[in-house]
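To keep things clear, I will list the structure first and then write my remarks on it.
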Amino acid sequence: MGGFWDQYRSVVEFAMANALFALGSWIAMWAGVFSMAGATFGAVGGFSAAYLDLHMGAGIVVQLLVGAGLGLGVAALLSVLLLKLESHWMAMATVALVLITRVVVLSAEEYTGGSVGTGVTRRVDLVTVIALVALVCYALARLRRSRYGMAAHAVREDAAVAAALGVNPFTVRAVAFAASGLVAGVAGVVLANLLQYIGPDTFFITLAFTMVAAMVLGGTYHWAGPIVGAIVFVGLPEVVRSYVDGVDELMTGALLVLIMVFMPRGLIDPRRQWFRRRASQPVAQEPAPQPEVVR
Amino acid sequence: MDVLAQQILNGLALGSVYAVFGVGFGLMLATLGVLNAAHGTFATWGALTVLYLVNDVGLGFWPALVLGVLVSGVMAVIVDFVAFQPIRRRGGDLLPALITSIGVWIFLLAAARMVTGATTSRYSPDAAPSGSFDFLGLTLGRTQLVSLLAVAVVGVGLHTLLHRTRVGAAMRAVGHSPMAASLGGVNPVLVVAVTAFLSGAVAGLAGITMGLNTSTVNFMLGEALLLKGFAAVIIGGFGDVRGTVVGGLLIGVAEVLTAQYVSGSLRDAVTFGLLLAFLVFRPRGLFGSAASMQTVRA
Amino acid sequence: MTDALLTIAGLKKRFGGVTAVDDVDMVVPRGAVMGLMGPNGAGKTSLVNLVTGFYRPDEGSVLLDGREVAGLSPHQISRRGITRTYQNVRLLSGFNVLEQVVAGMYASRKASSLSSLVMWPAERRERRACLERADELLTRVGVTERHELAENLPYGTQRRVEIARALATDPQLVLLDEPTAGMNREESVAVGELICSMRDQGCTVLVVEHNMRLILDYCDQAYVMSFGQVLSHGTPQECVDDPAVQKAYFGKENDASGIPALRELRSDPRRP
């Protein structure tokens, strides 16, 4: 057991950091917003943590709070701009946002170190990272059937129907987007601490792709999906690497395609029977009348 | 004044590479409904193929170029068949196809890194077009000329194909509904394959010209193209070859002028700033119609 | 006269060349069950979409209780007390039957979602109350399933779940778009009885139906639309007897009496 931890400690840490990012994306997806802007909010969290560390020697708690707050704030501001877009344009706009983030990081040299990047003192340990993931999961599990949680799911499934039930889809999406910024901001702080060095390419398109791929791979219909997805996405290549060298990324790519082709709803799908509570009453055996085909 | 004219010419040459790539990328987005994250790797593989044929096999540059373009095109057809076709058949939308394209991207990028050993290569001396000549008092590199020719051929050729031929009509229809395309008496599977081939082949051509212009080829070559080509498609107006060409040229000129007169570090800022501004304030771009946006939505 | 709950005046909606709703005036008295009939494509669903804010009217006004609702967003209109069901059932995939109905209680739930993070007693009590109320509503519409995914249920049951969800919003006015489509006769009768019970509990109902039986048996008054316009208005029997209506439905006036279904309907004594 000790051997396992020594060998895989950093893998687990990175898997959990990625899980935080994927959870951030999932929170937006909860309300039907497909966003890759997590990389941007991660950059906000990561570079603010680096700055706090370097200039003020701030501890991890302060870093996390500031990262969460800034991620939330930036996401809330951007939601005004982005959420009025039709969903596919919104997705592409978040890609553009990630591209611009790198430009901003490069030019805000004073705060970010520009192209050289900046070092960070490592102040998180595995337990902290796991605790953060657990905290987010706890919150999502509690919220799943709360007033907001049901509204978010409703907006994702059918925004017009949700609106007819009194839900304002824009508000629900804005809240989800802001909350995803909060979690991604935290994830950025964690990643900066784990890497101990961040630069303009840390929070770039690769990270954005990774987080959404992990989310979709794991499944977008339950909060456990992104965590499972991140573990598979980060962990599997490591396991492969310990057997065969050099093919881990080929495997990851191929696996992602295969899973999406054969399990389009992802690994964790609450609709699957074994996942659901047993029905309390037997379904009445009435013959189902065929729906009349009305245009 | 001369500096300005020269820089505009340089910008057009650079922009033509973006434009060619963008046309291929946009073709796949508008007609096949795939925001293809792996498209840049098609360009990379085209460039790597040509480099290999020229340097190691000793083939002439032009035959190598043709083969390189073919390789990229075939690669796109295979990728479409393996990763996008199953999702399209399910009626899935942009999201799952984007994710499988990310899988393909990881795969092809890693493969490119493996075969190149992550090193940067150059063409053997005199194996590829090089040098420059005088053009209306300005200096035009032969490689730049190749890019400008490429954008002319691709732009005019593809626009004509899409709007003047039966296959082209079927290709446009496939984007809106595969059913409609088959009604026109054209086999939809074939139309999809042709579209994928063209979009990959054009990307390969862009990769090759990019390699010529920077005179270096490495496994990351296509990544910058992907981002700039994406910007060209959105700025120019989605699903319109002319728009994408104009968008690409515009980006090229804007980048070169920014680097010349403002700051080299702001090159990307201009392009991506324009990209975001267009997405937010004018999603249909310079030339796109509202109807062309339907393709992606549906 | 009973006072009007819903007053529609000069309502118009065009789609390209088609005028789906063309200068419609309509009054739905408070506490009434109003029928809305018309051939396919008459504009009935479009009218429902206009009243609920799904479409923005090109012209005209929609007053609920004397207050303008035309131009408001669907969620604002819903909070004013207008709710609807859909011609093609639109349940929310992924929710079980109870949750479908609880989803309708969004506007009336008061406890903050954040308080659920600390398992705040008030929030838990409210959750339980919502589930209990959903259970009652489902019993009322005659659905026995509770924890099944709604999308796996028979079509007729799904329609009734949709009605329960609509009732969960505490509406003043419910618009039912073809609630008995795809149902057999027995089920249709049950829906008719349900509509009456809704009225008895203070709801006003506008029911779009092709099933004339239902309109004749359960509606107090009816409107008939054709090509976007109101063709006829009166008691359901008056509407069915109106030659213009028969022409719209059957092409020729004389043919109508030859159609057994209609003849049967006409001879059938009206329910009290």
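We call the chains A, B and C, going by the order they appear; numbering starts again at 1 in every chain.
Everything that follows uses one rule, which is that contacts are C-beta pairs under 8 Å (C-beta built on N, C-alpha and C of every residue); 3 or more make two chains touch, one makes a residue touch a chain.
For clarity, every value in this text was computed on a predicted model and none was experimentally measured.
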Building nodes from the protein chains and edges from chain pairs that touch, which of line, ring, star, complete or other describes the result? line
Which chain has its C-alpha centroid at the greatest distance from the C-alpha centroid of subunit A? C
Distance-to-centre winner among chains (Cα means, whole assembly as reference): A
Let me have the rounded angstrom distance from the C-alpha centre of subunit A over to the C-alpha centre of subunit C, please. 40
For subunit A versus subunit B, what separation do you get between their C-alpha means, in angstrom? 30
How big is the gap, in whole Å, between where the Cα atoms of subunit B centre and where those of subunit C centre? 52
Residues of subunit A touching subunit B in the complex: 34, 81-82, 85-86, 88-89, 91-93, 95-97, 99-100, 102-103, 106-107, 205, 209, 212-213, 216-217, 246, 249-250, 252-257, 260-261, 264
Seen from subunit C, its contact residues with subunit A in the complex are 40, 52-54, 73-75, 78-79, 83-84, 86-90, 92-95, 99, 102-104, 106-107, 109, 111-113, 116-117, 119, 123, 127, 144-149, 152-156, 165, 169, 178, 181-184, 187
Contact set on subunit A toward subunit C in their complex: 138-139, 142-143, 145-151, 153-154, 157-158, 160-169, 221, 270-271, 276-281, 283-284, 286-292, 294-295
Under the touch definition given earlier, write down the residues of subunit B that touch subunit A in their complex. 35, 37, 82-83, 86-87, 90, 92-96, 98-100, 102-111, 114, 227, 230-231, 234, 265-266, 268-269, 272-273, 275-276, 279-280, 283, 293, 296-297
